[in-house]
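Some structures are shown below for you to check.
Heads up, the next two complexes both have chain A, just with different partners, chain B and then chain C.
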Partner chain A sequence: MADARRDSAANPAARNQSGKKAASASSSPLLDLEGITVRFGGLVAVSDLELDVEEGSIVSLIGPNGAGKTTAFNCVSGIYSPTSGSVRFRGKRLERAFTPGTILKALAVGLLTGLLFAAAAVDLDRLWMAVVKRGMITGEPFTASGAMERLRGYFRAELAIDQMAGKWRVVSADGSDVLAIKRDLALARLVRDGLQAKVTAWRTGPGTVPDASDLATTGDAAAASVVLPPVKDEVLDRLAAGKSRIRFRGWAGLFAGMLLGTTGTLAVWQRGRRSPHVVARAGISRTFQNIRLFSNMSVLENVLVGLDRTIPGGVLAMLLRTPANRRGEAEAKRRALAALDFVGLSGNANRIAGQLPYGDQRRLEIARALATGAQLLLLDEPAAGMNPSETGDLAGLIERIRASGVTVLLIEHHMNVVMRVSDRVAVLDHGTKIAEGTPAEVRRDEKVIEAYLGGEA
Partner chain B sequence: MTLAVLAVAPLCLPALGGALGGQVTTLFIYCILALGLNVMVGYTGLVHLGIASFFGIGAYLLAILTVPMYPFQIGFLPATAVAVLATAGIGLALGAPTLRLRGDYLAIVTLGFGEVAKVTLRNLEQITGGMKGLNPVPPPGAGVTIGGLDLGKEFAIDPRWFYYLALASLAGVVLLMRRLEGSRLGRALVAVREDELAAQAMGISATKVKLSAFAMSSAVAGLAGCLYAASLSTTADPNAYDFNRSIMVLCAVILGGLGSIPGTLLGVAILVGFDTVLAPWADSWIQQWNINPTGSSLLSFSGWRLAIFGLALVLVMRYRPAGLIPSRRMAAELHDAPEGH
Partner chain C sequence: MSAQFFLQQCLIGLTNGALIALVALGYTMVYGIIGLINFAHGDLIMLGACLALSIVGALGLAAVDPAVTWVAIAGLVLVCGLACGSLNVAVDRIVYKPLRNAPKLAPLVSAIGVSFIFMNIGLFWLGSADRSFPELLPSDNVLPDDWGLQFTQKDRLVVLIVVPLMVALSILVRWTKLGKAMRAVSQDPTAAALVGVDVDRVIAATFFIGGFLGGAASVVYSLYINTIGFQMGFQNGLYAFTAAVLGGIGSIPGAVLGGVVIGLVRALASAYVGERWTGAIVFAILIVILVFRPEGLLGRRVREKV
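Then we have the complex of A and B:
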C-alpha cells in the first residue's frame, strides 16, 4: 500500500480515484488532536486545542503571529510533548510501543553494566592474574576447565600457588598474603592444602583446627609429614573472611550495576518515546518554517534521505553492496527523481541544495517530506517569501499532493492560498482555537476579523 | 593508480626494504586510524578527541590474544577479528550513554574516555603489563608455512611483508569508506551532521545513526591498533595512546579536509609523514654532514618539528580553511558561505 502510493507520486492522476475513496470510507479522522495544551514555564503556547483532520482533506491552521500554530505542529511531529492532551493518528497514539523487546534490551544493558561493576568490585586485575596467569606457571597445559576451577577458587577465596623468583609460594586468592615459600612444587601444594583446611576450619568454627594428622586421612602419606608454617590469628581471620567478602563484592557490584543499567535504559527509553522519527515512521512528515534542508548535500541526496527506510539491508549489506542493496538504491533513486519531477525540480538533481533559489528550496523540502511515504503532510508556511506567481504554483502543488492521496495540514499566512485550497480552516489566537469551518465561514467570523484587524476597544 | 604505484614501489626502491619501509608502514597505519576518525568527525560531525584510546585498545587486545605469555595465542587474523569486534563494542558502550551530548560536551566526554582508557591500561598491570606493555607480539603468520615459506619468519625479517599487509588493509578500508559514502547509512550520517532534527523528521533514528558512527569509527581504529602492535611487535606503553596522538590524527583529518577520503590520506601523509619519515631522515642527514656536533636541539631538525607543524596548520587554515582536498560537500558549503551567511 505504502509502495503503491509512493510510486504514484509520479503520476497523480492514477491516484486520484483511490485517494478519494479512502477519504469517504474512513469514518474516524486521520489525525485527532484532543485537548492539546503546551506550556513553556508560565507561558501557555497552546491551550486546549481540539482539531480533527479527515483523510484526503486539506486543513489550514491560520492565525496571527505567536498564535501557537508552529507549537501545535511540533506537538504533532513529536518535537515537543504536549503538557496535556493527546495526539492520535489513525486512532493510535504516536509512541513507541512497549514490547517485551524493550524490557529484554533494558535487562541486557543492565546485565552488561552489572558485569562491568562486578568486574571492578572484585578487582578484574587480580581475577585475571588468578585465572589466567596462575594457569601458565606450573607448565601444565592451559584448559578451559582448569580456568573455570581457578575462577571458582577465586570466588571461594581459596589459597593458591604462584611463582616468584623460581620459588613456589602459597598465597591468598588475590595474591596479597604470602603464607609460605617452598622450593618444591609438590611440597608447596601439600602446604597449600593443609593451610586451606586450617582456614576453612577457622571459618566454620573455633576448636576444629586440623593438624597434620587430619590430613593423613586423605590417604596421602606425604601429607602427614608436612609441617605447616605458623599463621597469625589476624591473618587467618582475614583469609577466612575472604570468601564472604569477595562474594559480597561480586553480588553487590552486579546488583547495583543491573539496577542502574536497567532503570537508566528504561528511563531514557521513556523520554525518547515520542521522538520525531517515530512519528515520521508512522506516516506523518513535515516541512519547516525556516527551511531545514541538508544544505551541503545534493538535491537528489536530500530526497534519498527521505527514502532511507525503503532501501533494504544493514551495514554489512551496504558495505558489501549486495544485489538486494544495489537494487534498493537504484529503485530509491528512481523514486527520488520522480518525486523531484512531481514538485517541478527535475533537472536540478545534482545541484547542491543550499544553492537553490528560495522557492525551490521550499519545494525540495516538500519533495523530501513526500518521499518518506507520509500519509499526512504538515506544511509550515510553505509560501513564506514567495512571489504571487510562485504562490499560485504552490497552491497547485498542494492540490496535486492531495490528489495523490496525501492529507495536508497547512500553516499559512497567504490568504489566497488558504482560501483556494483548504477544505477546512481553523483559526488560532493566543493559543486558543477561536473558529473552525469552511473558508467561507471563517472569513465571515467576527472573532477572526477581530483577531486579525483588532477589536473595537 | 596511486595504489598501483605504492604496490610496485618496494620492488623498485630498495630503500623501502630498510628502515624507510617500516616508516611508510606506520604511515599507512595512521591513514587507517585517520579514516576511522573521519567517520565520526568528518561525516557525522561529532568531535572525537579520544580516538587514540581505541587505537590502543585494539593494540592491547591483539597482544593479549597472541603473546606467548598468555594461553590464547590464536594467531593474527582471528585475533584481529576479535579485537575489531570488541573495539566496536566498546565504542557502542561509550556512545550509548553519551549520544545526547553535542559539540563541546561530547568532545569533553571523548577526551575523558581517552584519558580513562590510558590510565586503565596502565593500572591493570596484571593484564596489560603496566608501563612495560605486552611483548613480544608475534608477527602475523607466525607458525604458518605456505610452500616451504615460513610466513612468521618472513614478516620478521623483511619489512616489505608488513608494507604490503598495511597497504592491503588501507586499500580495504578506503574501499569500505567509499561504499559507505554512497550508501544509505553514509547519507544518514551526513544528514544528521547537517540538521539532526530534520533528519529525524525524515524518519531517521539519530540515535542509531550516531551509534553506527561510533562503532565503525572505533572498529577501524581498533584495526589500525592491531596492525600497529603487530608491526612494532609490542604494544608499547600506554602513554603511546594518549591525547597527543588523538590530536595529531584529528589535525591530520582537519588539515586534509573533513569528510574527504583523499584529503584525510594527504593530511596524514603530511603531518605524520613529517614526523615519522622526514624528520628522522633530515636528522640523520644533519648528523652525516656533521653540522651539529654538540647535539643542540636548535640545530636538529626534529627540535623544530612542533614549530613547523604549527606553522603548517596556521597556513592551511588561513589559505584553505576547508582542508587541502575538501570533500565535495564541504567545498560547496564554503563556496556558498559569502551569499548564504
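Then we have the complex of A and C:
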C-alpha cells in the first residue's frame, strides 16, 4: 500500500516536469538493455541484445516475424526473466530488493517447516496421546505445567500409564511396548515408577552417575515394596535407547525441515523476483500485439483498473466509502476520463470494451497504459490491422504521446509509421540486432535489406 | 400430495440451496480467478466445523442463555470465517502460488493433496466417528400455525446469515476497487499485472473471501444439520462444486442459482421419488442441462467472472 501511494503521488502530475529535468541533466538512458539473451530450451529467441532508449525519444524495433521483438518486450515488462543480461530503467534493475526481511521470512518459514518435520519425526499421534489424551484418561485436571511435564517426559522416553478395556497399562512413552497391566491405578503408578528406575539404571549402567533428568523420575521408597513384572533384556535395551532415539529424531526432523523450508522459500522468491506489477508501478507500461483488454468491463473501468492503486484505503474503507476513499475515486475517474479524451475516446466511457471497433480497442489499450502514469510506453504493433487513414491517426497519437513527456518504444511493421515518428530504429533478425540508427541510415543498410528481401537474392 | 406439501418441500429446498450456494461461491471465485478447481474447499469447511465444535465445547455455548445465543452464533461465524479465510490464504501461498505458471494439472493434483491433508487433520481432531453438534437453536416454527408450513429457527438462521453475506459479496465485486481488480485479473492476469495490479494480492484476497464464506457455511451447516464428521467435506463439496458448474463456473450469480436449483431438486426428489434416488436425479439433471448449456446456466450471458 505504502509504495503504491508514493509512486502515485510522484506520477502523472510530476511526469512532464521530471521528464524534462532528467533529459537535460543526465546522460544515462531511460531504458538500458545490456546483453539480453533469452533461451527457450534449445531455441535462442533473443541473443545478446544491446539497446538504449533516451528519455523523450521514440525508438522503433523492427524486423521480420520471429525476430524476437516481442520477446524483448516481454523481458522489459517483466513477463519473462532474461536468461542472461540486465534491464535497467533509470539505472535501476526493477527487481524486488534482497533485504534482511527476505532472509528473516525464509528463516521463519524454515522454522515452521522444521517444527512440522520434527513433529512428524517424533510421531505426532503418540506425542498427542502422551501429552493430552493420556492425562484425560487418568483423570488428571489439565494444566499447562502438567502438559509441559508430560511433554518433557515424552522426550525423555519415560514410561507412562494409559487405559485399555477398563484396566491400567504401563507402557513405553510412545505406547508401543506394554510392560504391565493392573486393575488399580495407584498400583499401576507404583509399577511404572519401579520399572522406570530399572530402565534408567539399565541405561546409565552400573557405577555411573544418573543425570539430573533421570534423578527426577527414579522411584521412591513405596516402589520398593511392589513386585515388578519381569522385563526381557532386549526390551530393556529398547526402552533405554528410547531417550536418545527420540531426541535424535526430533533434532534431525527440525534440522532437515529448516533446511528444506528455508532454501525452498528462497528459491521460490528468486523465481518471482522480477514481476510485471513491480515493473508497471515503476513507470513502464505496454500494449499487446493481440489486444488484451478486459473485454467484459466498461471502457472507463478498463482504464480505472490501472489507477486503483492511487485510491487510498483498504477493503473496509471501500465498503464504508470513507471521504478519502471517495475523493480518491473521483480523482481517479477524472484522470481516467482525461486519458480517454487524450486518445479520442471520450464519448465511449460507458460502453463495454469488447464491443468497441477494432481501432478504438487499440486506442483504449494505449489509454489504459498511459493512465498508469507510465514514463515509458511499449507499443507492440499498434497499427496491426489498421487502414492507411487509421495508421496516419495513430502516428499522430504517438507523436502527441511523446510531446506529453512519455518516451515510446515501438514494434511496428508499417514502415511509413516507423519512418515518420522514430528518432532511432533498431533492426532485429533471428534474435540478433543487425543495425541501429536513424530511419534514413537504417533504410540504406545492406544487412537490413538482405534480412527483409532474403540473403540469396 | 397437496400444494401445501409442495410448498413445504420448496422451502426446505431453498434453505438447503442457500447453504450449498454459500459453499459453491468458494469454488466459483477461485476458479474464476486462477482457473483452479479447489478440491480442498469442502474439507476446509469440515475444518471450520471442527473449530466451531471445539469453541462451542470449550466455552460451553450449548448451555448459554437463549438471548445470548445469537451473539454467540455471530461470534462463531466471524471466528470460523476468519480462521478458514486465513487458512485458505496460507494454502494458496504455500501450495498454489509456486505453481502459478505450471500446467493446470499441477495445482489441481496439489489441491487433491491438500484435501487429503485437511481430512487427516480432521480425523485427528474429531476422531473417525461422526460427532453430534450441540443444538444451539430450538426447532420451533417461526411461521404462523395456520399457514401449515414449517420454517424453523434453524431455517431462519440459514437465511439470516447467507443472504447478507451474498449481498455484501456482490457489492464488493461490483463497486469496490478490489472487486474491479478481481474482475480484471480473472479476465487477463498478465494485462492486469502490466497496469500495476498486484495479482498475487488480489488472488490472496479472493482466497480469503472464499474461505471466509466457507467458514461461515461451516457454522451454518453445523447448526443446521447437527452432525459433523471428518468426511463431511467430500460430499458437501461435491454438491457445491456441482452447483457451481451448473450455474456456470466462474460466475457469482451462477453459483447462487446453481445452489438453489440443486437444493430444490434434492428436496423435491427426496419427497416425491425417494431419498435414495436424490443423488442420481441431481446428477442426471446436471447432465441434461450441460448437454444444452455446456457453459452452465449463467455461464455466458452474465460473463462477469471473479
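Couple of notes before you dig in:
Here, the second predicted complex is superposed on the first by the 347 of 457 C-alpha atoms of A that agree within 3 Å, B and C clash if a C-alpha of one lies under 4 Å from a C-alpha of the other, contacts with A are read in each partner's own complex, and residues count from 1 in each chain.
As a convention for this text, contacts are C-beta pairs under 8 Å (C-beta built on N, C-alpha and C of every residue); 3 or more make two chains touch, one makes a residue touch a chain.
Remember, it's a predicted structure, so these values are computed and weren't measured experimentally.
Contacts of A:186 after superposition on the shared chain: neither chain B nor chain C is touched. When both complexes are overlaid on chain A, the residue A:297 reaches chain B and chain C alike.
In the superposition on chain A, contact of A:133 is made with chain B only, not with chain C. When the shared chain is aligned, chain B and chain C each come close enough to touch A:309.
Between chain B and chain C, it is B that contacts the larger number of residues in chain A. Contacts of A:142 after superposition on the shared chain: chain B is touched, whereas chain C is not.
Counting contacts by the rule stated earlier, residues 77, 79, 124-125, 128, 275-277, 279-281, 285-286, 288, 292-297, 301, 304-306, 308-309, 311, 315, 318-319, 329, 368-369, 372 of chain A appear in both its interface with chain B and its interface with chain C. The touching residues of chain B, counted against chain A in their complex, run 69-71, 93, 96-97, 123-127, 176, 179-180, 182-188, 190-191, 194-195, 197-207, 212, 216, 329-330, 332-333, 336, 340. Within the complex formed with chain A, the residues of chain C that make contact are 97-98, 124, 168, 171-172, 175-178, 180-181, 183-184, 187-188, 190-200, 205, 303-305.
Only residues 77, 79, 109, 112, 124-126, 128-129, 132-133, 135-136, 142, 264, 272, 275-277, 279-281, 285-286, 288, 292-297, 301, 304-306, 308-309, 311, 313, 315, 318-319, 321, 325, 328-329, 332, 352, 354-355, 368-369, 372 of chain A touch chain B when the two sit together in their complex.
On the chain A side of its complex with chain C, the touching residues are 4, 77-79, 124-125, 128, 268, 271, 275-277, 279-281, 285-286, 288, 292-297, 301, 304-306, 308-309, 311, 315, 318-319, 329, 368-369, 371-372.
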